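What follows is subunit A paired twice: with subunit B in the first complex and subunit C in the second.
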Partner chain A sequence: MAIKNIVVIGGGPAGLEASAQLHYMGYNVFLIEKNDKLGGHLGKWDRLFPQGIQSEELLNPLIKNTAGVKTFVNTEVVNINKLEKQYNIILSNGITILARAVLFATGFDLFPASKKEEYGYGIYDKVITNADLEIFFRTKSDSRIVNPLKIGFVHCVGSRDEKTGNRQCSKVCCATAVKQACEIKEVFPNAEVICFYMDLRMFGRKYEDLYLTAQKKYGVRFIRGRVSEVGENINHQLIVKAEDTLSSKPLKVTLDLLVLMCGMNNSSEGIKTASLIGLKADEDGFFETLNPMQGSIFSHKKGVFYAGAATGPKTLPETINEGRAAAICINNYIKEEINE
Partner chain B sequence: MRERILGGYDNFVLPFMIGIVFIITYLLIGLIRVIIHIPGPDRKKLLLSFVNPSAIYKNIRDIICDCLIHVKIFKRKAILGYMHASIAFGWFMLIVIGHIEVALYVPQRNGVLYYPVFFRYFVKQEGDITLRGAFFFFLMDFFLLLVLSGIGLAMYKRVHSMALGMRRTTKPGFADRLALYCLWAIFPLRLLAESFTAGISGGSFLTKPMNMLFQNFLSDDMHILPTWWAYSVALGLFFIAMPFSRYMHIPTEALLIVLRNAGLKVTKIRKGFAAAEIYSCSSCGLCIDACPMNTQKKNLKYSSVYFIRFLRRNRTKKINKIAEKCLMCGKCVALCPVGVDSCGIKRAQRTTVYNNLKYDYSYLTSVSHNPPTNTNEEKKSSSILYFAGCMTHLTPSIIKSMEKIFESANVDYQFADKDGGVCCGRPLIIAGKADAAKEIINKNTELIKASGCTTIVLSCPICLKVMQEDYNLKGINLIHHTQFINQLINDNKLKLSKTSDSLVYHDPCELGRGCNIYDEPRNIIQNIGELKQAQSEKLESICCGGSIGSLSLTYDDRTKITQNSVNKLLINNPDKIITACPLCLKTFKDQAPVPVEDIALLVAKNIEVA
Partner chain C sequence: MNKFGYSLSPASVINLDNADKIKFKELIDLEPDVLKCMACGSCVSSCSAVNFTNSSLRSAILSLQNGLPEKAYEYLKGCMLCGKCTMICPRGINTRRLIISIFQTYNFKK
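Our next item is the complex of A and B:
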């Protein structure tokens, strides 16, 4: 078989790593990114938990390694047709690629915070999301953040919440919240910071250390209980009502800033593209994989693979590992096809 | 006209007599049992309604309209209405005219139960036909024909229920079938019997020609008696099967109308007023089509008709399951031709379960509406109180919009629960825990009265409904914000800019069917954009799926309801869905492909600045 083309959809960490590895194996890789920049959500983040390294330290080498990959930014997949043993992929820039394999590294969408209207995102000035805060950390400017003295973090916004249609845990927000709580204490040392959590899921290596640091070094308060509603007083401060489930008491605090830890939904663009070849999302919105116990690389279609958050919320190391694993699976698949 | 049979008796009347005596006894005992179980104050109300002329008028009017003419069914589907009216009204007239005939021609037989029914068997026509006789014979034949036409339709409907405008209908049980076939048989048999005797007793346009026709090939009078026997047996069997069948609704409905008009409510499950409701259900199945849960076939079994069937059979487990599942949207009640308040019975049923729950009211002491202010100037408290309610606090866009509207219209108001309030109590009441709600109702009443307001503007129809029904707020005007905004527009206090948006309005259950507010929101919308029609509107509006009414419906089931409701709203491709309930807003927002806004937000966005 002469054709060694492989199309990778999505230029985030998973797509970048897989492209680099496949290129290294000698395949002709096409990386499709809908935005004007590679990096996905990682490119918008400031520092990463648990060690707090700058996102660029991770992202730059990832991009550098894709030097030989044919990368199309600002490009979308218009259509995919399955031929006998190949896929015909039509791009929005007019290019058509005949590929042996397609990798969906389409990543995730941040849960739209305005859907949880009771938290007042888009209604009250002083309510922001985790993504907004990362931009603030990078740029140090946000008109909504003016010397806050009391800051709250709401965990599980659009995660573990059946009413928003998301039953699953988004996995990374607990650690992100704890990281951001520490960071904002660094920016505003006099501020009081409260985290409202359901359960703290500090499952990863060194995450627990981060949690202890947040309490010991930064004095972040952790209150177990979901925020029920947010109001505003005449001074545009936020009145936050919650329940402290450890003491079984309702709680009302006045805050100057509230950060919503938005969870992950499957990428809506990714779902649209996958539907072109009849791949379906599961009940939780993420893609169905062939055999969940054997990893989440294989789709129900031969020659189509997944990597990264498209098959469920994942941390960065997991995502990058999956990108690498997907490269191996694709390589094995093509070799088997040739031998047949 | 004179009596033909001496003594005015024949053995064939026996089956009829057994049936009629049985049913009358049964009904009398039933009536006594219902009255026994009606609580004292309600019985007093009932007695008073019998001496109140306007109540008497209302009873008679409702019984004629609902039991005989079936106006409600006519309005919904003319042909279905005709089917019911022709049988009920026709049969009623046959009975009335039968009695008139007896009184006119054989007055000595007045009061004999079977005589008017079998009148034509017992009499003989002599000499010239009088005009009077011809007139009554004509009427009798006419009404018989009317009934027969209804029976014909009924038979056709059994085969093709779609043809008469019903998508789904119930499966009849054994007694239902027996009664049904008897009912079908009664009138054709009567026609046959009267036709065979028409040569002797006389007849009119229907029975006379039939008689002549029969004489051509059935010259023997031997056929007379067997057909009268058959007619009598059909009647007797029908009456005996009636209490165990859906046809029990025929006598019970009249009782229900009287009890309902007296202002009675469900107090005990399956007894008293509830019994009248349960036996008034005709098992027609209109509620199956009405129920928002019908989007999934597996949920059809939770329709009110089955709930009532299980109540009659006393199947507690199934009764509880349906009672918990119900969304309490009230659509089945609104569309029920008999007006059975199944939601009321379900609420009563809910009082029987989970009664060992603990309630903590200690927080009530900390809630106050008007926190003391330090300002020295004595500000006169405003007569308008805005009560947002807890659901509205979860949709702050409504609160912000209302604040803007109050400000733009220069309305002085107090914000009752700006800093948090107490639940209105309706969620508890709907859950069947009315006693638990009393404490918070008292607290709210106390806070409202302390404010000195004369008008309360509410953003949540759930709060509005409970304040209208379960609060004692005499002298205070309760209005929903749609009514308030509409009034501001009418008084020229609020100027709105017209947009080119096309908008569809969703009637929230508690505002529409609950509080009967349909026109004000539509009027407001027409001031701002083009009002598009939804597929099911007003009384027929479909629950958004987010109702606090259901205690056990899963999120997935609710999602299906929401999607169906949204699809029906979007039938004419509007740009936006407008609603007037914070709960509907929240529910739709997650699912609708077009923007969803509360009517207050729509107004606030389009206020024309002078």
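Our next item is the complex of A and C:
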């Protein structure tokens, strides 16, 4: 009887969905998560664009469906060895698993905002990130957010930026910014909200509706121009400079809160783990896939697969679809191996 | 200073802190659709007055948002209210009525 073990690395949406599906297909699934909780970034977020669904509504069923999966939290992959047709995986909790296939659902790291020093994250008190704002929406408390009357959102922080090594668009920040702009208007109805964008990439279904709602219902102002620098005045307010490129004039405005829309980098832990079996990241930092036009599930190594943001910035529905797709690809791969 | 053949040009920086939001709010109350403009420029490219004036509704809205009504007037004074831009606006803004509302709110002379 062939070994039916499969190891899934990463307990975010992609890993959870793939694990649940593989378990349903009858495989013996091991889900490895380095943090103490399943859910990845999704576990820290409040509401999701474009419909504003609560994150728990998505996450709870994902976790519930992995009931039969052997899950290890607070666990890391220490080593992976390729045997003839199997992988030998050594975990930090001392357990060794002999697996037919390995799925990297290692996700992304948020771009570290302090790298863009000119925006003053970690220097000025009133500069926060999109992730900080999600936590504020959940907890309704953040010492930096005190009745702001003028709020700015900076798109493309650490995206489309050669100097930070990220030439690519992070894809989800535009929709997130517009969503958060609407939400913060709900919390502070008297606030004036400005989004500084380069291009508004509202590509997905219903995203354009979100944009229209932000304009019409919430009166969010969209200024086309990248923020060049942020300073602080004596009252700890922020002086923000940009160009209003639609009128070809430099522009400055005093704000009480500035939210930086940090993009996605490939997970540094994921890269480290993948390097154990010689899998490399592409020029843009995300993993190289075997044939990009045939989907992003296959790696250059037989029996190793990818799902989710490890192969590029993705929205949640895309990530979950990929988790499902990976389960099918793994199933096919193992069936073919048995027939050989 | 002009004797020496040079002069200082006025600062071109838009200072949003000084923009008059009260008038713009009045305009929004009268014509909420002004918020829907996404600056695509369809109104300008279809404008029948644009060949011989510097008419631009897009720029006029932007100028009002930036608190520069005098500039907005410059962009609208050539308008003949033909309504071609109303037919073309992808956001369905009644641009012709919007222009009339801007003239009313900001007391522009016709």
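What we mean here is this: the second predicted complex is superposed on the first by the 339 of 340 C-alpha atoms of A that agree within 3 Å, B and C clash if a C-alpha of one lies under 4 Å from a C-alpha of the other, contacts with A are read in each partner's own complex, and residues count from 1 in each chain.
Throughout what follows, a residue touches a chain if its C-beta (ideal position, glycine included) is under 8 Å from a C-beta of that chain, and two chains touch if they have at least 3 such contacts.
Quick caveat, the model's predicted, so the values are computed rather than measured.
Of the two partner chains, subunit C is the only one touched by A:D244; subunit B is not.
In the superposed model, A:K216 makes contact with subunit C only, not with subunit B.
In the superposition on chain A, A:I95 contacts neither subunit B nor subunit C. Once the two complexes are laid over each other on the shared chain, residue contacts for A:R224 go to subunit C alone; subunit B is not touched. In the overlay built on the shared chain, the residue A:G120 is in contact with subunit B alone; subunit C does not reach it. Looking at the shared chain after the overlay, A:E162 reaches subunit B, while subunit C stays out of its contact range. Of the two partner chains placed by superposition, A:L149 touches none, neither subunit B nor subunit C. Looking at the shared chain after the overlay, A:V253 reaches subunit C, while subunit B stays out of its contact range.
In the superposition on chain A, the residues of subunit A touched by subunit B in one structure and by subunit C in the other are 250, 252. Residues 192, 194, 211-212, 215-216, 219, 221-222, 224, 244, 246-247, 249-254 of subunit A touch subunit C in their complex.
On the subunit B side of its complex with subunit A, the touching residues are 363, 393-397, 399-400, 418-420, 555, 559, 585-586, 589-590. Contact residues of subunit A toward subunit B in the complex are 115, 117-118, 120, 123-124, 162-165, 228-232, 239, 241, 250, 252. Contact residues on subunit C toward subunit A in their complex (touch as defined above): 12-17, 21, 28, 32-33, 35-39, 58-59, 62-63, 65-66, 91.
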